[in-house]
Amino acid sequence: EGAEEATGAPLKAQERLQVATTTSLYDTGLWGYLEPMFEEEYNVELDVLYAGTGKALEWGQRGDVDVITVHSKSRELQFVADGYGVERVPFAYNYFLIVGPEDDPAGIKGLTPEAAFQKLMEDGSASFVSRGDDSGTHSKEKAIWAAAGYDYEDVRNAGTWYVEAGIGMGPTLTMAHELEAYTLTDMGTYLAFKSDLELVPIVDEGGILLNVYSVIAISPESVSSTNIDMANNLIDFLTSEEIQELIGDYGVEEYGMHLFTPCAGNEPG
Amino acid sequence: MTKAIELIVSLDPEVMQIAGRSLALAASSCAIATLIAIPLGSVIHFNSFRGKRLLVNIIQTLYSVPTVVVGLFVFVFISRAGPLGNLGLLFTPAAIIIGQVLLVLPIMMGLTISALRGVDVTLTDTAISLGANRFQTAALVIKEARFAMLGAVIMGFGRAISEVGLSLMVGGNIRGFTRTLTTAISLETSKGELELSIALGIILLFIALVVSIVLNRLQQR
Amino acid sequence: MSNNKPIIETTDLGQRLNGRDVLRDINLRIEQGEVFALIGPTGSGKTTLLRLLDLIDKPSQGKVYFNGTDVTESDRQRLDTRRRMAFVLQKPVVFNASVYDNIAYGLKWRGVSRENVHTRVDDILDMIGMVDFHKRNARMLSGGEMQRVAIARAIATEPEVLLLDEPTANLDPVSTAKIEELITDIIQQYRTTIVMATHDMSQGQRLADRVGMLLNGEIVQTGGWHEALNSPRNREMAKFVGIENIINGVVVSSEDNVVTIGTDDSVIEAVSDCAVGEQIHACIRSEEVILALSRLSSSARNTFTGDITRLTFTGPVARVEIDCGFRLVALVTRRSVEEMPLEKGKKVYASFKATAVHVIRRG
Amino acid sequence: MTKAIELIVSLDPEVMQIAGRSLALAASSCAIATLIAIPLGSVIHFNSFRGKRLLVNIIQTLYSVPTVVVGLFVFVFISRAGPLGNLGLLFTPAAIIIGQVLLVLPIMMGLTISALRGVDVTLTDTAISLGANRFQTAALVIKEARFAMLGAVIMGFGRAISEVGLSLMVGGNIRGFTRTLTTAISLETSKGELELSIALGIILLFIALVVSIVLNRLQQR
Amino acid sequence: MSNNKPIIETTDLGQRLNGRDVLRDINLRIEQGEVFALIGPTGSGKTTLLRLLDLIDKPSQGKVYFNGTDVTESDRQRLDTRRRMAFVLQKPVVFNASVYDNIAYGLKWRGVSRENVHTRVDDILDMIGMVDFHKRNARMLSGGEMQRVAIARAIATEPEVLLLDEPTANLDPVSTAKIEELITDIIQQYRTTIVMATHDMSQGQRLADRVGMLLNGEIVQTGGWHEALNSPRNREMAKFVGIENIINGVVVSSEDNVVTIGTDDSVIEAVSDCAVGEQIHACIRSEEVILALSRLSSSARNTFTGDITRLTFTGPVARVEIDCGFRLVALVTRRSVEEMPLEKGKKVYASFKATAVHVIRRG
């Protein structure tokens, strides 16, 4: 097998690698930027598939993709623990933020995320739009509710102010804009939609808002057909110094700020 | 399958509510679209005018309009910044109905025209000779084409109850308010909950089957 | 109220369909209460004309007047006028509904009350002998039954003008007789004006007062039946009205309107104002030809002798073909055939009067 | 609008490629579905058998099947873990075609049956009396119902080219490989690029209009 | 090769449609080369029977044999057999295609080569006089033109058996004559077997050797025309075959097969084997009734006197209704009417022979 790879059998069809990525990462355009570089470097056809974290994990589990990049730490750890993934390799991070109408009707500006949520809950008048789709962002929101001391079921049924949509980040932001509500968003999507929205960052500080993107190769022990070698190449690629630098600078031109902080294989914070 | 049966047997109240909402929305849209499409389709069929052929082409073209595009179109009108923004329709069931009507209308008009064209012209002549006015003639011809007309209505209903992009965009898939079977399916799928999705799909098809049987019964009377 | 306007009048009516002139210059006057028959070969335009009279199609030229009012254009007027008429189409289609509903439609469309519809339909069903059929789906009827429903449907509306296109083409003789009786009753009871296209010349004669003959989209002749049958205007109409003996010839002499016509190898005398030298057709109806076994001394000026080549019977009459240089057909009674007796190959004398010859100029 | 015109005029190669792919996929699916639906629909129409009415009901029910459900169904079969997993069909154009054919098939079958039912039975009888076998009879009757049949084909094409849930699920919207106009629209919409979405939608409708006109021309010959 | 099997035979054929027994116990034998006419009132089952013979429908009971082979069931055999026949349906529908293509279909379906189709269709178009029509869309033809196309389409395939359902119902007399000629040619040229349903009794007599009479789905009589016309089995058939004088009575005496029949107020002598006391109908064809102005001394045993109540003409014959206690109709020539002369209200002597009376038992 190894010999065959070395000689690079000319008749062999173009090698493909399938990577599943979370939507928020994809929508920033980062993958579109990196894809040709990787393809050129490794002479491979990279198929980038985007989906919610849950679906990306499902694909990985079934062997439909070779490698996944997601942002939901606890589920990732579970995935690796269950033997589906080889290892969780963080490669970049940024922060979630709570956005809302400029006049901040609930008066949560300057609070910690947990305190902000407590106020929203007690107040019960200012609307909050939740992704409600078990995505990485939604997981984070639930984590904040938990940290704020609430049972999530109580929050869900707290009243009409808590709008549980079941849609992507972009549409959620649009909905928050239309309903003049707060929502929790990742940085990339917010920046992409910002120009169409009358939403401003309200709470953007607090350790709990940390959003880590990691890459996981699918374990060949779980899926025998998986292209583990090329998956490892992708992990090497993402954590290489050169690419890490590019990730760090990505988006400066378009949004005037850094979208990601590279963290080359180490858990930040 | 077992999950679907479980869900149906257990009559999970949330699922039942969603299913009921899907049915109600699609049935309303389909009914409204029928009320518009049949007269309009008849007017087009029974009159000859310049550009009729092109008009039919355009109607048939609109069979291809993606739900998202209809969604966008409606969104632009009813969003806060849009001309109808102050009606507060966005993210309500009404918005879904508006979108579905627009989506289904060309399909039902096109199928109405097809159905009417299938009816022997002598029949139309006979009705006219017996003193039927335009409206009465159209009513008779539609009755004669009842199988195809029923097909058109079922097609309209099917398109309405099965669409998702539109409901997501203008309905927002809000739990307990605008969540339908298809938006729920899409949500569960994005979560990777494939069994649950399939279960919801089966419930949807079950509703469609009942609707189809009921409509067929009605038609046969 | 006096009404001396014709109930239907057309002026220079023409119809062009798919680039073909199907009707041209139709000027017709149908008087109130008249029964008018339209005859003409297949494709001559009878159906097209009836459709124009019923205001189903719009003419490409000319006008239709109803009781003196021009009803050619206005849709409102066309509908109102059409509701005072009824039209039994040539190929009756029935609606996919019960026989009862089929007959009720025209009444319902006129806004007749439910009870009145009920009584009226029941009456009609009784009249056409189809009471037992009222619940049956009309699509499952036999050809003749459908035809009866179509007629019933039309007369149910008590029209002032009834347009009939081959109304009994699919009916057996008994049903035909019944329908004719029905039509006669309607004529007498309601003084309904009737325009009918028919191929059945004898039906036309039984029912109609006046006849119009269509040929290639033009009316070539209107008038009484006697004239139509005995003095057709051209060869085609002559054939059409059943003149079996049409002989080509030239006028060789003429005196006091009695002309002598030279044919291939015989001479025929006839009454006509044609001049010497004119090319003509001599038409003799077969029933005007008398047969005898010996030379008759009668007033018949034309006598020919020949052998019988064919002998066929239809009911009480026998058709005898004789070869006397040209082919001559005679219609005699079955009884005379038996009495003389006549048979194939037998030599006979055939004679007809000079006044029985109708002369048509060849164009 | 201006953006769409710009895109079309500039012939942006990526957009052109996506449009071409959409057209090719939908046309292939529609062609395959036609080849299956017409014979199958004819067989159902021309034979009487127990359960025929129910079968027609079921076919009409499948008008309502959401694209996501078809997508799930196909996914379960062709995903690595599924029975056809080793064919490696998932996330390829072939997968999209399979899904679209399944989606469109009941619609085209149902409309074929409607169209055939619209034809006067005497016509069928006449063909049979003139010695046509089943196949020849069906071919003739389909020809007589050509307008409605054309409507069925255009409807099938429209459904195939406008669907998105299925292409997303089994095609994966991979740039340069399985991205179609509808998946691109959905992506751009989720990115908030509404003008671009509408521009792509207009391109899609333009394709559909051309297809409709071409098919109508063909039918009239 | 000798072939003494009938070309078509049916045994106990029955058809049930939508819960109604439309045909019952049909046992027919049609010999090779025979021309067989089916007559019967509207709704009697003629079309249904022809559909079974052409193997379009499957019977609910009984069997159809073609050249001795049971072809009732096997689909393959039904198709093969059907391809050796042709059927002109009662209401011809033409395909939405050119006249040429309409006629070509049957040939194409049989796999005839393109050139052969071409020559054959051209021949047929010529035969029916529609050469100029070949490119026209058949849907736009007139009723009669369509009928001609339908017939052309059927005979184009040179069938061994030709089934005709009212083939000339929509045609004018000239076209009818042409079609009949065409059919006669076919019979003579190809010895084609023909089964035709017709309402036109005279057409039946012109073309058919044998006749079968259907009544309420049953064959009540088969045989020659003479028998059919003169000795119908029951009152309905009598009316149907055009016997205008049907008089109710009771046999009051009987001697050597000569019976005396008492009617309301007269007595009729007839030849019959009915017994004294039997309730009967006395049927007299109107052409058997002789009219005179004074009492005739002839062999006619029955003479009645009465006033003429109605006098109508149809071509060469006159129909005279006389009231002589009961209504009696006589058919005489137009010439005798003119010579005697006869007119409404005039008193006449009507007589008919005892042998002219056909006696039917009342059920």
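Think of it as A, B, C, D and E in the order they're written, each chain with its own count starting at 1.
As a convention for this text, contacts are C-beta pairs under 8 Å (C-beta built on N, C-alpha and C of every residue); 3 or more make two chains touch, one makes a residue touch a chain.
The structure displayed is predicted, hence computed values, not measured ones.
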### Task
Tell me which chains count as touching both chain B and chain C.
none
#### Entry: Approximate Å spacing (C-alpha centroids) for the pair chain C, chain D
56
### Query
What is the distance in Å between the mean C-alpha positions of chain A and chain D?
35
## Note on the structure
Note: chain C sits from chain A at a C-alpha centroid distance in Å of 89
### Summary
Taking each chain's centre as the mean of its CA atoms, chain B sits from chain D at a distance in Å of 18
### Task
Check each residue of chain D and list the ones that touch at least two other chains.
120, 189, 194
### Query
What positions in chain E touch 2 or more of the other chains?
91
### Task
Quick one: which residues in chain A touch 2 or more of the other chains?
171
## Note on the structure
Every touching pair of chains is listed here as A-B, A-D, B-C, B-D, C-E, D-E
### Message
Using the touch definition from the top, list the residues of chain E that touch chain C in their complex.
### Response
17-18, 39-43, 46-47, 90-91, 140-145, 147-148, 165-166, 169-176, 199, 201-202, 205-206, 239-240, 242, 285-287, 312-317, 331, 333-334
## Note on the structure
In the complex, chain D touches chain A at residues 79-81, 85-86, 90-91, 172-175, 177, 189-192, 194
### Interface residues, chain E side, partner chain D - complex
51, 54, 56, 79, 82-83, 86-87, 89, 91-93, 95-97, 105-106, 109-110, 150, 153-154, 157
### Query
If you look only at chain B, which of its residues touch chain D in the complex?
53, 56-58, 60-69, 72-73, 76, 107, 110-111, 113-115, 117-120, 145, 147-148, 151, 154-155, 157-159, 161-165, 169, 181-182, 185-186, 189, 194, 197-198, 201, 204-205, 207-209, 211-213, 216
### Message
Going by the contact rule set out above, which residues of chain B touch chain C in the complex?
### Response
120, 122-123, 125-133, 136, 140, 143-144
